[in-house]
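Below, subunit A partners subunit B and then partners subunit C, in two separate complexes.
== the complex of A and B ==
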């Protein structure tokens, strides 16, 4: 039995009934009277000077209401990190990738808007294009951004401990290089917006976003509106995975068009435009050298990494830092050197994508650790256990593991998969492999420098005393955050979940940095708990005065007022409530004082009962440059075992079974925790086996659809045994921490290690397509 | 040139003016306000626009509205009855076969279509029947569990 009444259960999601009946409203399900339709002109070439933009023909087309270009929009720089605001809404003098935005049109219908786009004449002078990091970093390469010479968007140089000296005491020093491929997030709902600039000068933007707050800030900055006059509302969102955490040009264009026309303007990305906007996983090239003593102690890691960033920065500075800093754990490693470079190329910008920056790095290293374990003749599982950090450990780069159930995770998967009887004992073509990973529970700092709370929460009790309503700027994008916060509020106040409702995703409700870096359960969860405690206190304060009982002698549980010692005579309150409610249908029954009665009395005495909460992370470790990327109030961790079959004739890899364990602190909703683990595994499996955004030599994406860009279907997914490991995270609400992104960390390396176990050949480049495995098998046979 | 056509959707007759190139999904969503049918790719790849036409699940982005004349069309809005949610819908709520919800309508309709023909499918039959519906959130596991739970509910 759980000690809790609401949390730590398998409560059904609050939004599920709306979603299974088709009633849940996503942005493209919305419409407004007089609404116009927008469309965007995007560059057909990867790199060119813009000599002229002629919109005259487009303007003449009947039904066109506005055409905007850089001339109308201005040239205010924006982006994600203020240190690299390198985008403008529309290009004025130059385009840098196929898809770069040049103009937008609003018209009476979509067909007219698209026709108008085709009538805009742009004269380009094509420039040489850079499609790889090598080309971009070569001497004499054309410069994509004047401010960033050498096409280096960002570089990182960090050393913790003394790697060169440490290598001298190592018995095994192993170097490997590894590369993944550019991934697309392939959420099923393409981005869409509906902007409405009303006649009193207030702008409301409905958008398929993960970060209403950041979008509000960028819209207000780029369009020159006070933030108080910009409201961003997130309806239901069909997945984001990091990509919808960056403000997109369509959001800005729709707002500008609505301001120009004084009409609501709706716009959507087509599936192709989702690929063109991209902002998803970078291609990383990692070179790692790890030094280990013969007893198995991991001593030092030297790491060099190159990121193909695309044309703009987006989240890229954080990405290049994360690619290094997330190797600080989960092993006790005292010496780590990292040199990372993110280069600009003439491709769509990459950005944050589930497991931000750390996924390919983790794959490279966990495979290398497996190779080292083999050389040491150690079980890879024991080798990892031997080096594993413990609760309370701090990494060499100041990541503090305030709770860390990795040992329990490893034990759980070992048992769950029957590792001992399979490892090293499977026939040719069958393999088993394992890997570990960990991830932040929210970034310690906002994206822009500010002392703002990372989350605020307002909880209002309804005047009848029957319900609590949560108002939050947080973003439910499918992960189940609304339900988690409602559960935290219900638990804290002491009322049933069905008496809690949540309104979220609206900047009018307060500041919340949104759904990225796996932050909401911990951070918004904290703000929720604080607001709920406030509400509870207010109700108990009134009761205390009315009944002359000390607050400490009372509690609220399951919707009832609990008197810990003597039960006072509360009949006066009950009578008052009944009189108030004469004719109403919800008269309380039973020989106790209900929360409804108490809350109604509190309203009569005090007026509105509104509780507020906020969360700011504690001051976190790290004084070095870049310490802000990777430091978090808490870290989730996970371990996974993959079992695979490889067709030795064709090279086709099938993942047969996955056993996965994740330490999420205290699980608020157990089913949702498993769901995040399972979802992470499918995204990792896709990247491991078949996902790759491909370009032709002119910089066009050649597989910008979901037929040629393959994500896992239900037939590709193995049964997943998702084991929830619980610890008590001191910095988390009720001990909770992340699961949303950490779950992806061990997936790719576990499959890599399993494939090696099956075929006896290491793979250093993703995806593990049949072709790549076939070539590896051929190479092996020739040896 | 638009033409008046008659459609039968969820046992209700609709008269609607459509152009020859209009797809069924667009007519459902933008003219009939049946927005439970989602649009994720418009190329027949993702399955989020799945509707049941004459008993078969189809991608309504690949069906012209005019081709749907005379057919019996069932959308997600037509599953609930006076008795409440359809067993498949109920199972998706209980087993959390739902995350973002964007693929859910299509998933549920594909699952219903399977269970109408085969009340007790094997796991592989479930996977095959739902293989045209992409989901990026769930890893499909809880979707399978939902359909299994519904099949037990149906076959009882």
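== the complex of A and C ==
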């Protein structure tokens, strides 16, 4: 039995009925009278000087209402991190990847807009192209950005402790290199927008985004509008995974076209354009050297990493920092050195993608730790346990584990998978492997330096007292955040979930940094709790005066007012309510005072009952350069065991079973927590076994569709035992913290370690396609 | 991506379809489920001015077992093929091919005729149909003609079918006692995949247990699906066992011309031809023994 009435349950998602019946409105479902359709001209070449852009023929086409290029848009730099604003809405003198935006058209229909795009004549002078980190960092390589010599977008050099000295004390020093492949997040809903610049000069942008607030900022900055005149609204969104966590050029182009034409303008990315815009997981090359004592103590890690960034920065600075900082845990490690480099190449920009920066690094290291455990002749699970951080520990790079149920996670998967009877005892072709991981529960600092609260919440009680409505700028993108906040509000006020409604994803409702870095449950959750407490206090304050009972002697539970000591005579209030509601059908029954009645009385006394809440994290982390990246008020952690079969003739890997445990603090909605774990496993499994964005030698993506870019189907998903481990996170609302991204951390290395257990060969390159496994087996047989 | 403009025809009879195709010739393209054609039209790889739907012609949707043949209408859907008892009980490797194709959503639309007419070298239905030695019935205003499936495919996307013709029916001779067939496709994932290699094998044992007919079909390793003559030669006249199948599998690797592309290297595909040949022959043998 839970001590809670609403949270910690398996409440049905508020959006479920709309979504399963097809009534949920996504941006592509929207239309407006007089709406125009937009289309974009994107570069067909990977690197070229633009000598001339001729839009005259496009403008002549009947039905075309506006054609905009850099000339109309201006050249205001934008991007994600203000330290690297290296993009403009349209390219003016140079294109840097196939897909770079050159112009946009608004016309009466999409066919006309697309035809107009084909009539724009661009004269290019092609330049040599850089498709790999090696090419980009080679001496004398052509420079993609004048401001960033050597094509180095960002580099990081950090050392905690003294790695060189520490290595001298080590008995085993192991070095491995590892690489993943560029990913696509393959969310189900391609980005889309509807921009409406109204006749009073206010711009409303409906967009499939994770971050209405950041989009509002960038739109107003690039288009030169006051922020108060820009409203960004997020309808239902079909997934984002980090790719929709920043402004895209289509959002800006549609706004500009709407301003030019004074008409609503709708635009969508095709699936191919989703791939062209990219901003998903980088390809990383990791070289790691770990030093361990013969008793199994992990002493030092030296880590070098190269990221193939693509043509622009996007989130890349944060990515290259995260790739290093997220190895500060979950093991007690005193000495860590990190050198990271992100290079510009002539490919679409990479960015943040579930498990930002840490996924390939985690895979590399967890595989290496397994190799070390084997050399030590230790059970890899025991080896990890003996080095594991505990609640209260602070990592060498100042990440503070205010709650850390990793030991419980490991014990849970050990038992759940029957590890002891399987590890080392399975026949050839069958394998079992495990790995651990952890992740931030919200970035400790916003993307731009600011004292703005990371989240605000407004809760208004309806005048009849029957409902609480939440107004929030937060972003429900399919993960269930709306339901979580409604549950937190219901629990806090003391009313049933069915009496709570939420309006979210609208910058008019307040500031919320949005759905990224697994932040909303903790941060927006805090703001929600504070606003709900405010509302509750206001209602109880009125009751206190009306009934002459101290506020402390009352409470609200399950929609009823609780009097802790003597029950006062509240018949006057009940009579007043009945009088107000004469003829209505919802007269409260029962021998108690309901919240409805109390809230109605409070309205009559005070007017609108509106509660507000906000959340800013405490000052976190160390003072070294880059210390902010990786800080968080809390860290979720997880451990996973994968069991696999490998077809020893074809190399085909099947994941047969997964036992996964995640410490999410207090689970607000248990079903949603498990769903995030399942989703993480599916995404990690795809990256481990199938997924890779592939290019030809001219920089064109050759598998920019979901037929040839292979995400797992439901048939590829193993049965998953998702074990929710609960701790009480002191910095989380009701003790809650993240599950959205941390869940992916152990997935790839657990599969890597299981495949090794099955075939006796280590794989250092993803994806573990049948062919790669076959070649490894072949090489082994030839030895 | 938008479809190019085209005129859409929906004939209700075979005769009407013949007239339309005769009139527009190579400006027309028949469509059934559209799971291949529509994708290619969206990608602008094909832009026929006239698209002629065969989906409303009832006579193209039948399935009959008569005179020792399983006769399947060209518009019979792949989903229905999996369910059809006549197919499962008589030509089970064709059921396996149907089950391997796409996803349930694709199979609900895709048809047997479309899977042959689109002539993709990685398609799932040609290998089992070639293994069974199927015959295609093509119809046009000039009448009908029968063509052995081995002679049907010309190159990726092109077939023996003339612009004024359409595939009306596929006829598969019910295999005799002692016959068996197997089909396996290898892709990256378990469904909705473009195959890396696919193989079908058919053998028929005579009364003394000797293989008197053998057909091995290799997919994805040539411009069209290939017979594997060297493998078949090794099998013919021999008693089946693992060693023989291993020799046939090795021979099959020399019967193909795999290219290296983004789905895999030629080296891997060639190796997989061997693995799948061996495995499909084992399935075929199991079935042949049961059918004796």
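We take it that the second predicted complex is superposed on the first by the 783 of 783 C-alpha atoms of A that agree within 3 Å, B and C clash if a C-alpha of one lies under 4 Å from a C-alpha of the other, contacts with A are read in each partner's own complex, and residues count from 1 in each chain.
FYI, a residue touches a chain if its C-beta (ideal position, glycine included) is under 8 Å from a C-beta of that chain, and two chains touch if they have at least 3 such contacts.
Nothing here was measured: the structure is a model prediction, and the numbers come from that model.
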(request) Return first, second, both or neither, reflecting whether A:12 touches subunit B, subunit C, both chains, or no partner chain. (result) first
(request) Could you tell me if A:60 is touching subunit B, subunit C, both of them or neither one (first, second, both, neither)? (result) neither
(message) Contact-wise, after the overlay, does A:157 reach subunit B, subunit C, both or neither (first, second, both, neither)?
(response) neither
(message) Which partner chains sit in contact with A:625 here, subunit B, subunit C, both or neither? Use first/second/both/neither.
(response) neither
(request) Give one of first, second, both or neither to describe whether A:270 is in contact with subunit B, with subunit C, with both, or with none. (result) both
(message) Is A:702 touching anything from subunit B or subunit C once the two structures are fitted on A? First, second, both or neither.
(response) second
(message) Contact-wise, after the overlay, does A:449 reach subunit B, subunit C, both or neither (first, second, both, neither)?
(response) neither
(message) Between subunit C and subunit B, which one touches more residues of subunit A when both complexes sit on the common chain A?
(response) B
(request) Could you say whether A:713 touches subunit B, subunit C, both of them, or neither, answering first, second, both or neither? (result) both
(request) Figure out whether A:477 sits in contact with subunit B (first) or subunit C (second), or with both, or with neither. (result) first
(request) Under the contact definition given at the top, report the residues of subunit A touching subunit B in one complex and subunit C in the other. (result) 270, 707, 712-713, 715
(request) Using the touch definition up top, name the residues of subunit A that touch subunit C in the complex. (result) 110-111, 114, 270, 272, 649-650, 652, 689-690, 694, 702-703, 707-708, 710, 712-713, 715-716, 769-771, 774-775
(request) Name, in rising order, each residue of subunit C that touches subunit A in their complex. (result) 1-2, 103, 186, 188-194, 196, 262, 264-265, 268, 271-272, 275
(request) Please name which positions on subunit A make contact with subunit B in the complex. (result) 12-13, 15-26, 28-29, 31, 185-190, 236-239, 241, 270-271, 477-480, 671-672, 674-675, 678-683, 705-707, 711-715, 717, 719-720, 722
(message) Using the touch definition from the top, list the residues of subunit B that touch subunit A in their complex.
(response) 29-30, 34-43, 45-46, 48, 75-77, 79-80, 85, 89, 92-96, 98-105, 108, 126-128, 130-131, 133-144
